[in-house]
Amino acid sequence: MTGLGLWSGLLQAVLVVGGSPLLVGLMRQVRARLQGRAGPGVLQPWRHLRKLGRREPVAPRGTSEVFRAAPVLLVSTTLVVAVVAPFVSTSSAFGPVADLFAVVALLALGAVGLALAGIDTGTAFGGMGASRAMTILALVEPTLLVAVFALSVPVGSTSLTAIVGSTLHDPERVISPGSLLAGVALLVVVVAETGRLPVDNPSTHLELTMVHEATVLEYAGPDLALVELGTAMRLSVYLGLLVNLFVPWGAATSPGVVALLVGTAAFATKVALVGAALAVAEVFLAKLRLFRVPELLAGSFLLALLAVTAAAFL
Amino acid sequence: MLAALALTAALLHLVGHAAFKTLLFLAAGSVLHATGTRDLDALGGLRPAMPLTTAAFGLGALAASALPPGTAFVSEWVLLQSLVHGLPAPGVATSVVLPVAVAAVALTAGLAVATFVKAFGIGFLARPRSDAAATARESPPTMIAGMALAGFACVGLAVGPTLVLPALGRVAAGLSRSEVPVTGATTIELTGIAAALSPMGLVLALTAAAVLVVGLPRMLLAHRTRRQARLWDCGAGPLSSRMEYTATSFAEPLARVFDNVLQPVQDVDVTHHRESRYLVQAVEYRRRVPDRVERRLYGPVLAAAAAWGRAGRRLADGSVHRYLGYGFATLCALLVLLVGIR
Amino acid sequence: MTDALRIQLIDVAAGTLLLTAVLVLWRRELSVIIRVYTVQGVALAGIAAVLAVDEGSAELGAVALGVLVLRAGVLPAVLRRALAGAGPERRITRPLVNVAASLLAAAVLTLLAFAVSQPLVDLAPSATTRAVPIGMALVLIGFFVLVTRRRALSQLIGFLLMDNGITAVGFLTTAGVGLVVEAGVALDVLLVVLVLQVLTSRMRDVFGRTDLDELRELHD
């Protein structure tokens, strides 16, 4: 635990909580512009959250505390990851939690909470969403862990700070075949885990295509605000991990106001760029049929496995 | 060194299993006691009537599904560390087997998560799917006490696996004649591997974050009481428990993904009206997932054992002369054998 | 050309070879598969060209040019012609093994290729020979496509993948097998493709489709 780590952890918490809705707003705005609409502006998600926060809390009849605890669990697991991951600097606020396996499992815990909440409502929608979400989660897991494996082989550690730090010192590694393949595999994983196109459509309200939306259908008011905030934070945390594992440049390596500010700005810019690129790609994509998703995941698993092979043999 | 680490992971997994499987079985027994059924499709809605059993099963499910903060997560983490760091070892076999092993562990973990979400969510949450589940009562205190005991072991292992890990590490080190692979008082540190995990820190961080997430909005926003509201029923009247997702429907997408492996048998019978072929009177849908391991592996083995048994019974027909004859034949055969090998 | 750049280029070309082979397994539309095959031809020619520049051999340069013309020009054009004759509804393949399973099979085959060719690489470890397993994987994946695809045209592509793999292994191990041999092989491949194209169109005339399982009828 270092001063640099603590300060960057604090900065990251503020940045992720405050910036995630802006990231979602940016992505929606990019899509709107490309589709020829004016768009509601980047600040719209924050306005939406403010509106929801002022509403009266609602408990659907027959739901238990699982339903009420799930949004809190979603936001707090994501918050822990946002604090401990080396985003702004190469140091972590709490090293023994900033392990790639632990971080990935923490993010999965949030998703599991939401799935249980979906079942808890007892509606067909909730059960359907939970069932689909868990199917995708179970199939994503092999890709995710094998890609993590590929990233940790050249470094010799699964600690996030070690991977980020060593990539920073050895930039050539990023364009090695193993790293590139792992990058593509992780991109597919991130898309699947955050419920973006082509695995899930975040703007759909049609039961045939809903995955995430179906599980959270019964939330209203402040609970819905937490769910939306948590989902946005998940997106930016996943994109942040992706960005900093492969292009960590700009992250602060020494304590100091200037270094931390540069690190913050660099991180925000990188995530915004990747998010905008993802939004541009989504304009050209249609949602996959649910039973075509395993093909996509099998493909990304193949890439992850090749990444390990490349790291081992090349 | 890594062998010792993997062995430590296996031992920790064993200890964890002892805790959470006990808990899960006791909770399942409690449910069986209260409802008289083991059919997940007939359960549901047990949470208001059986809060303690629900909590116990939830704890066990968390521990079993390899999610933090759970017991199985720690042992999975140690196992993955030993697999990941085995790659630099020379040999083609390791570099082929290890990634496949990691993928297998990961798929197992993913499927375990789906399984326990199904078991806990469908079994205890939502609304009852049968009368037996609707009239369930909490089990007697003696059953609760058993669950509590196993539950404390689960919590202890999840928060403080470092209490038992060094001892297990010493056992593993002794067996594989290497250094002790695991050290640390609150943080798990691995010898020779730059990796550390603090289960207690993880729990504390999660608690702190949850307090923050609950507390901050309360300070900023005016607190209002929760209003009860109807569930969204598409405007079609009250929802019945027949509309809920069941365990079978929950697992259907996964079962379909692994269609080639499971090979379910399903058939659809459509009964038409007598007046017209175009009007459907009833549709009957049957789906069964036969256990392929049982049919293909256990079946033949059991059949072979039974055939041997039948053959053995024919040898023993109760005649004393025959039994004496066996002894005599064996003696002679031994003597012939002795002559032969001399 | 610097050493690092050469290694980088070989790696990129070999990676493209493997990625295109995977894409052939992944995609269903035959037109897309043919386009992917074209890209693979370019990557193969790229390997030959890098080796040619590296060794300063004009002969190898000519081979690279030949590979480019044949595998990224002539063969895709022939395939496209065969596809155009197939009619609009026949442009999607339906493999015998589903896509997810064949992708997993490709993963296993690639691991096998790496494991099998490790002794070969150890004979003379260098940047070029370290890419040999990828050529081997290409051969195996091509064979897999040949086995599991129903349509004559997609089987043809499997055959061409195998051929690309063999050529790649040839380049990477021996830096080209000579202009004459290469030209002979190329003519051979062209001939096979033309013959199969004629066969395909005849099959379509007789059976109305090109599902190779229809040939079983000839047996009865």
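Side notes on the structure shown:
Note that the chains take the letters A, B and C in the order they are written out, and that residue 1 is the start of every chain.
We take it that a residue touches a chain if its C-beta (ideal position, glycine included) is under 8 Å from a C-beta of that chain, and two chains touch if they have at least 3 such contacts.
Since the structure is predicted, the reported quantities are computational estimates derived from the model, not experimental observations.
Judged by the touch criterion defined above, the protein chains are all mutually in contact, each touching every other.
Distance from subunit A peaks, on a Cα-centroid basis, for C. In terms of Cα centroid distance from the overall Cα mean, chain A ranks first.
Chain pairs A-B and A-C differ in how many C-beta pairs they share in contact, with the greater number at A-B. Computed centre separation for the pair subunit B/subunit C is 45 angstrom, with centres defined by C-alpha atoms. In terms of their C-alpha centroids, the spacing between subunit A and subunit B amounts to 28 Å.
Averaged Cα coordinates give subunit A a centre that lies 37 Å from the centre of subunit C. Touching of two or more other chains is recorded for residues 98, 100-101, 111, 114, 118 of subunit C. Shared interface positions of subunit A, defined as residues touching 2 or more other chains, are 294, 301, 305, 309, 313.
The set of subunit B residues that touch two or more partner chains comprises 95, 99-100, 257. Subunit B meets subunit A in the complex at residues 44-45, 47-48, 65-68, 73, 76-77, 80-81, 83-85, 87-88, 95, 98-100, 102-107, 109-111, 113-114, 117-118, 120-122, 125-127, 187-188, 193-198, 201-202, 205-206, 209-210, 212-214, 217, 221, 224-233, 239, 241, 243-245, 249-254, 256-257. Of all residues in subunit A, only 53-54, 56-62, 64, 66, 72-73, 75-77, 79-80, 83-84, 94-97, 99, 101-102, 105-106, 108-109, 112, 115-116, 119-128, 130-132, 134-135, 137-142, 144-146, 149, 152-153, 156-159, 162, 217-218, 220, 222, 226, 290-291, 294, 301, 305, 308-309, 311-313 touch subunit B in the complex they form.
Interface residues of subunit C facing subunit B in the complex, by the touch rule stated above, are 98, 100-101, 111-112, 114-115, 118. Remark: subunit A residues 175-177, 180-181, 294-295, 297-299, 301-303, 305-306, 309, 313-314 touch subunit C in the complex. Partner subunit C is touched in their complex by these residues of subunit B: 92-93, 95-96, 99-100, 257, 260.
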